[in-house]
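Beneath this line is the structure, given in structure tokens, with notes to follow.
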Amino acid sequence: MLPIREGFIVAGILFTLGVVGVLVRRNLLFVLMSIEIMLNAAGLAFVIAGTRWGQPDGQVMFLFILAMAAAEVSVGLGLVLELYHQFKTLDTDAISRMKG
Amino acid sequence: MRARPWMFTDFCREGKMIAAFYTASAVAIIATILMLTRVNAVHALLHLIVSLLAVAVILFDFGAPFAAALEVIIYAGAIMVLFVFVVMLLNLGEAAARAERALLKPSAWIGPSILTLILLAEFLWLLGHGVAPAVQVVSQGPVEVGMALFGPYMLGVELASMLLLAGLVAAYHLGTAKSPRSEATHASHS
Amino acid sequence: MTGLDFIALLPLLILAAATVIVMLAIAIHRCHALSAALTFVGLGASFGSLWISACRVPCKVTPLLLIDRYSLFYMGLITVASLVVVLLSYGYFEKLDGDHDELYILMLVATLGSAVLVSSNHFISFFLGLELLSVPLYGMIAYTRRRPLPLEAGVKYLVLAAVSATFMLFGMALVYGALGTMRFDQMATQLVLPGFDPWLVIPGLTLIITGFGFKLALAPFHIWTPDIYQGAPAPVAAYVATISKGAMFALLLRYFYQIEAQGQAPVMTVFAVIAIVSMCAGNILALLQDNVKRILAYSSIAHLGYLVVAFQASGQLAIIAVGFYLVAYFITMLGAFGIVAVLSGSAGDADSLSDYRGLFWRRPVVASVFTLMLFSLAGIPVTAGFIGKFYIVAAGASVAMWSQIIVLVVTSAIGLFYYLRIVVAIFSDSAGSADAGPAIALPGSVALGFLTAALVFLGVYPQPLLGLIRSLPPG
Amino acid sequence: MLGLLWLVPAIPFAGALWLAVVGPRLRERAVAVIGTGSIAAATIVSLLIGAQFLSSPPASGAYTQTLWTWVGVGTFQPGIAFYLDALSLVMVVVVTFVSFLIHLYSTEFMHGDEGYSRFFAYMNLFVASMVTLLLADNLLLLYLGWEGVGLCSYLLIGFWYKDTVNGIAGQKAFIVTRAGDTAMAVGLYLLFHNLGTLRIQDLMQAAHDHWAVGSPLAVAAGLLLLGGAVGKSAQLPLQTWLPDAMAGPTPTSALIHAATMVTAGVYLIARTHVVYELAPAAQFAVAMVGILTLLMAGCSALTQWDIKRVLAYSTISQIGYMFLALGVGAWGAAIFHFMTHAFFKALLFLASGIVIEALHHEHNIFRMGGLRKELPVAFWTFLAGGCALAGLPLITAGFYSKDLILWSTANSPIGGALLWVGGLIGVLFTSLYTFRLIFLVFFGDVKTPVSHRPGMTMGGPVMVLAALAIIGGFVKGSFETLMTTALPPFHEAGLGVSELVSSTVAGVAFALGLVVAWYIWVLHPALADQAVEFSGGRLLHRFWFSDWGMDWLYDRLLVRPLVWAATINKNDVIDSIYDGIAAVTTTFYRAASLTETGKLRWHAAWIAGGTVVTLAIVMLL
Amino acid sequence: MTLLLLILILLIGGVLAWAAARRSASAARWIALIAVLADFFITLNLWISKPAAGAGRWITEADWAWIPQIGVRFHLAVDGLSLLLLLLTFFLGVLSVLASWREITDAVGFFHLNLLWILAGIAGVFLAVDLFLFYFAWELMLVPMYFLIAIWGHEDRIYAAVKFFIFTQLSGLLMLIAILALFFVHHGATGVYTFEYEELLNTPMAPGAAMWMMLGFFIAFAVKLPVIVLHTWLPDAHTEAPTAGSVVLAGLLLKTGAYGMLRFVLPLFPDAAHAFAPVAMALGVAGILYGAFCAFGQTDLKRLVAYTSVSHLGFVLLGIFTWNSLALQGAVVTMICHGISTGALFIIAGAIQHRLHTREMGQMGGLWAVVPRLSGAALFFALASLGLPGLGDFVGEFLVLLGAYKQSILLSVLATVGVLFATFYALKLVQRAFQGQNTFNWSVPDLAPHEGLVMAVMIVALLWLGLYPRPVLTTFEPVVAQLEQLPAGR
């Protein structure tokens, strides 16, 4: 018998770890990595939900999440390159000019 | 659900499967924590890959072999390789690591971790008090997923393709170092 | 997918086809005017096809989409808005150099995403629509990548959109885990089953609200708005301010009506808090701003707050109020950002207040259009904004949500102050800087002309639009 | 002939309008002709009407002429209508005749003044308003005339506007009189609310029917109307404005502040005598006001050095006598004293005008002297007026009218010995300050040379008035019978002092005043200064000189705090509420804009925080 | 149909004036003048040939469907009250155009557009009988007035214009809530969606709700008719506005507040208004006293005249809520005469500022010798404003006080003391500005012919109203009768 609740809890923990990563790390690469973790956790939660109801929908959703993650990472890394090219640094706080 | 031949997966159905779940999730969590605290980008990437593989095992446990395979191939394989490629491209050497250490003062951890701890606490409380059915796992292999994908969710696949197309165009536009016609306007004017 | 489905899906198909055609055109010969024209024709065709598919509705196309009069209306609204943005961006990017053709592909995909969002009936189509809208936006916002500000805005938007999308996904997973179905209509039946334990549904819904909150820039999730609107090029900012918010709000309205969310008291309190905080935050933050784009960003936060007030009032009047207000909001925001786009030169966007000092005496027509837009934002008669605000207060009054209406009234008075600050700058006698600035490109003036005409027509004679909105069946 | 009644106010009003609009462009001669001519016409018409009224009096003893209904709201229908009876006839004739003489006088007195047409316009407007007041059929029209005369007195006091002192004096006069008018207005509301009409005759009838004697409403109405009368006639509480009103040109002082306007209060009380008969308390208050004012004014007159201020205080004192007469119920006597007083007081002012003109605007009587021989016309007429004022027995009109009042006071049920004695002391003071004035101005050696002799147009009116001051008294008998047609006769009761006794005692008081004045100011001029020297004397002198300190009191109590508070509140304390609100909103803005740090992690923190909060809401509810 | 014509003439006239201004400024002025004169004569003949007013509530009306969905009709109608106020609007409109003949030199066309559009807005407010249309016109009236003050005003015009705008707009929104609440209560009771004034008239409603709705309306009109605490926008707006702006502001905009109370607050919520009457009357009297007190403290000429409006409108408020025929008639006469006398004072203040380029009374003095005709006119209107009998203001004030006496003696006495206070500021105005020494030895031209004409017309109007106010009273008679029949009316 599979512990559905524990599954969700693991997904939740991974999710919150991803949030910590986004909030703490200032290097854009690490932020992107944390986002990957969060996406992965969400995908896991979906698969667990799908298994609970015995439907393949969870995995279909997981597949689409993968697609989205891929697209988003590609654009993200494109931005990282452009950022490094212009600012010579990846520290998100250093590049923020707009305030108020 | 039509009968199908006995498969290796049935072997794990018994108690061992739950133990595998717990160990995999522990590995995943520890790997993620290590990944967050690393200073060197490559080390963090490696830890991330370990975490993804652990998640693949969990998926496998939950009777989603196709998803686990995808996780390993696409997530750990393609996306992480992309990351490594970019890290190599930017050749973030030791200097970057030292700069990173300066940025990562311990004090920076306190605020966000308190906030996330509350989030986690809320989440656990919410998860805690509701009836959670223990269910007999029916593994959903690639067959069922494939039929679902090209059955009702046919449109979803098409849209996913458009999504990738958009990602492609955006990455192309942003990524190219110098577009042929735009040499004149350098980043001079802010 | 029977023949009927294809006809129902016609607008979406045309949009997808247009994207491919534009991409091929760019591959063959990279010319800004050509790609803009093709996009324009594509969007026009899609708008035209709405009438064709209108006679087939309502029709459930695969479990993912539900095409009915409601979704067609909003698709129409979105396509028209995109047409206007295309016109504006042609004028805007013509003045800049560098390759501008990719923008139109991204814009077409984003419009496709919005169309999917508006007609979605399933979590998957909801998620895919959202991402189809967001990913191109990352590219569009950071489009003029040579400049630092758009790049910074692009990075911020990417990270934050991804984070909020993940929150929403997790919420969806919880709801799916609790209900076992991802279809909106089936969820409704599940929810009302007797003895149903909303174990994970409520937290799931809340997390989804975070996703909505980010996309609609509502109060606690609004911090990113001013930076992105200021950083992004003006037409893209217009796109973000109108189409992405409009599509999401249409979906929010449909989704929460289908699952009768009004019954769930906690969710409604969350919306009440969000509405009040965003109205206050939006108006107060803009008080002494002197960057026009940031003022428009904050005022759009406030206006979404007004919309959420109308959203909470259940019933027919709320649908009409939200529908009409969205149209008025679209026209006004496109107009305002259009003016900023039209006035921006190659040096940089005309976004500081000093660029607008004494504008009326230099370019009376542009200035009067901008004043009219500002008055519509403030809710002064003869503009659609007035009728919109009237309906919002009417919706609120119909269910006696007096506290929120009082907050609405007081904050809109504060709002008056910063709109008048801009009007004062426009009409102040400038110290003789008589240069008329870059001449307005034809497409830009056509777009502005159309917007002003629509604004005044709806302000004075709103009856036809109201009749149309009344005929949309709720959800 | 009675139908021409409306002409009496109309002609002066037309004259005033014409002079105001066209006047500045006309030559002085034309202005004089129009100004005086219009008043002459009014006088002739009033005399003709008077003659016809006396020869064939209308049946009800009164004639009403309505022009049009002024304000028509429900039961409140006051009209522009004139009411002529014996009382108003006498008043109108006296007013128009005296005004005519004064206009004639001022054609020469104001010669060469740059505001010549403006002066005559104001004077004509004044006569028009005064006549409207006297002929008014209802209290609202009376109130119109009432305020009109107050306005003209303001305009004429401040006529020489270049000197701000005159302007301030004019302002003071207008404000103090309007303070009285406020009380009168409230009286009007009370009367209308309780009796349903403002038409005087109906009012009197309704009062008689509805109110019992001594009913609180009647007393309130009486006191309120008394407030108005006191303001206009410069009686006790509100008399501070009249001495300052002397800043105006002398003909104005003669006309307004001696003969006509100041007696409007007397006319009002006489006209509404029914109310006072129904309210003995109010009537007694009138008497008390009268007696106190005449004594106080008498003392103050003694200490003045400006010739016109002496006469001003004497006017206040004489009107005090009229109030006393009204207070004791001797309505006819009050009006009779009004007539005689109008003649000799106008005469005194005009004569002093000649003296001032002659000594090129010298006002201080201590710097005048020995004008007996220099200005014989002025001296003899001034002497006649003085004697009439002081009450030279048997010859002057003043004696008869004042004696009648004294006798009535003695014999009236309300009066009594105390009032009578007060009246007698008043006579003593009057003759004292009158002859002090005459001796100082006309006797002794010449201090300032005479530079200008009055022409015929100034001398003529003065002589006519002198004659009237003398023969005015002899018509007492027929005057009294005429008065009874309009006013209730005097009811004799009480002390039973015979006429002969009171007149002889008054004569003795007159003689005593004359002798003492002669003794002090002719034989021992230094004595007056010594009297002032010892400590009590100087204080008393200063006290009396400043009109018993009333002026100083009002200034400290009312004027100064109001002005101070107004300047403090110049930019409206309530406005600070809204500035406060604006400041609060700005601080909110400053606090809110801190949240826009622009840092990516901060934005993500808000999203996470927002989710935490919303989850908390969902959890807790 | 004529009613719509009134508004259209002004709107089109404004646009023509703006167009004509390109060629010649005077063309714009003449067009504006002709447009307003045309309107004045139309209303005049409507007044003279007044069809039997007894044929029901309205003299004439014009009615079209506008937004049938929520029962909004484009319904204009005129009764005694609105006819009088329309006459005042166009009378002061003509005079304000004449008064700013020489004063406005830059952007003349746009100025006249704004001026005519304000008059159109005000005419719309007086004519609108559909609550939605009324709110539409009420908000519309604001915008051109804002431009008038913000562009052609004096020193800190921006502050004044923005303050004016926010004050009125916020209170307008409160009225919107009240209108909608009434709209839904009416729907609840009768199931009909309508904004029609006559149908909304006797909607059954809970007393508590009625009080809240009445307050919603009352606050909006209290800001416009400056009731004491909400009045602080008035001095700034009047002082900073150009002459025409001040005349229109003082003469007309304040009257829309009073008109609103007579048309909407009293008839729609009779019981609530009746319960609220004592408070409103006390506010009125407080307004009279405080307005006069502030006016007395001012050194700026226009600011002094502005505060007098606060005082005079206090009488109107007192009159309206005394709620008997005397006081109501008094309130209307005061409204009209105040419009004329304060309008004239503002024209004079404008003329002085145009000549001396200052409004500080401290720098004036001795002007009587320099500009006798202007000073004479100023004296006349100062006397009118202090309520000299024989002039219009006195009749109004006396009727109000007479009526108020029936209700409460204390308030009536206090208000009469207010009239005494009026003397202080009026005389201070005349003394400081026109009398005394010409210390700054000004030598400026006297009234120009057209200014003289304006003054003469106003003097004649005030004298006529002062001595023969019956035509005004008879026109307003039927409305008073209706107001008195309201259950709470006495």
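Labels A, B, C, D and E are assigned to the chains in the order they are written; within every chain, residues are numbered from 1.
We adopt the following convention: a residue touches a chain if its C-beta (ideal position, glycine included) is under 8 Å from a C-beta of that chain, and two chains touch if they have at least 3 such contacts.
Fair warning: this is a prediction, and the values are worked out from it, not measured in the lab.
Visitor: On the document's contact criterion, could you list the chains that touch chain A and likewise touch chain C?
Guide: Chains that touch both chain A and chain C, as defined above, are B, D.
Visitor: Please indicate which chain is farthest from chain C, where distance is taken between mean Cα coordinates of the chains.
Guide: For chain C, the chain whose C-alpha mean is farthest off is D.
Visitor: What's the farthest chain from chain E if centres are computed as the mean of the Cα atoms?
Guide: Chain centre farthest from chain E's centre: B.
Visitor: I want to compare two interfaces, A-D and D-E. Which one has more contacting C-beta pairs?
Guide: More C-beta contacts join the chains of D-E.
Visitor: Going by C-alpha centres, which chain would you call the most central?
Guide: Chain nearest the centroid of all protein C-alpha atoms: E.
Visitor: Just give me the whole-number Å value for how far the CA centre of chain C lies from that of chain D.
Guide: Taking the average C-alpha coordinate of chain C and of chain D, the gap between them is 79 Å.
Visitor: Averaging over Cα atoms per chain, report the distance between chain A and chain B in Å.
Guide: About 7 Å separates the centre of chain A from that of chain B.
Visitor: What is the distance in Å between the mean C-alpha positions of chain C and chain E?
Guide: 43
Visitor: Using CA atom averages as chain centres, what separation in Å is found between chain B and chain C?
Guide: The answer is 31 Å.
Visitor: Provide the list of chain C residues touching at least two other chains, using ranges where the numbers run on.
Guide: In chain C, 124, 128, 131, 135, 138-139, 142, 145, 148-149, 154-156, 159, 163, 200, 202-203, 226-227 touch at least two other chains.
Visitor: If you look at chain B, which of its residues touch at least two other chains?
Guide: 111-112, 115-116, 119, 122-123, 126-127, 132, 153, 156, 160, 163, 166-167, 170-174, 187
Visitor: Where in chain D do residues touch two or more other chains at once?
Guide: Touching at least two other chains: 593, 596, 598, 600-601, 604-605, 608-609, 611, 615.
Visitor: If we use the touch criterion from the header, which chain pairs count as touching?
Guide: Pairs of chains that touch one another: A-B, A-C, A-D, B-C, B-D, C-D, C-E, D-E.
Visitor: Can you tell me which positions in chain A touch chain B when the two form their complex?
Guide: Contacts found on chain A: 1-10, 12-21, 23-27, 29-30, 32-34, 36-37, 40, 43-44, 47-48, 50-52, 54-60, 62-64, 66-75, 77-82, 84-86, 89-91.
Visitor: Once bound in the complex, which stretches of chain E touch chain D?
Guide: That would be residues 163, 228-229, 231-232, 235, 293-294, 296-299, 325-326, 329, 366, 368-369, 372, 376, 383, 388-390, 394-395, 398-399, 401-402, 405-406, 412-413, 416-417, 419-420, 423-424, 427-428, 431, 434-437, 467-470, 473-474 of chain E.
Visitor: Within the complex, which stretch of chain C touches chain B?
Guide: Touching chain B from chain C are residues 1, 16, 19, 23, 30, 61-65, 96-99, 102, 105-106, 109-110, 112, 116, 124-125, 128-129, 131-132, 135-136, 138-139, 142-143, 145-149, 154, 197, 199-200, 202-203, 347-348.
Visitor: For chain D, which residues are in contact with chain E within the complex?
Guide: My answer: residues 20, 24, 68-74, 76, 80, 140, 143-144, 146-148, 151, 154, 158, 161-162, 164, 167-168, 171, 174-175, 178-179, 182, 185-186, 188-190, 192-193, 562, 565-570, 572, 574-575, 577-578.
Visitor: Write out the stretch or stretches of chain B touching chain A in their complex.
Guide: Those residues of chain B that touch chain A are 17-18, 21-22, 25, 28-29, 32-33, 35-36, 41, 44-45, 48, 51-52, 55, 58-59, 61-64, 66-67, 70-71, 74-75, 78-79, 82-83, 86-87, 89-90, 92, 99-100, 103-104, 108-109, 111-113, 115-116, 119-120, 123-124, 127, 132-138, 140, 144-145, 147-149, 153, 156, 160, 163-164, 166-168, 170-175, 177, 187.
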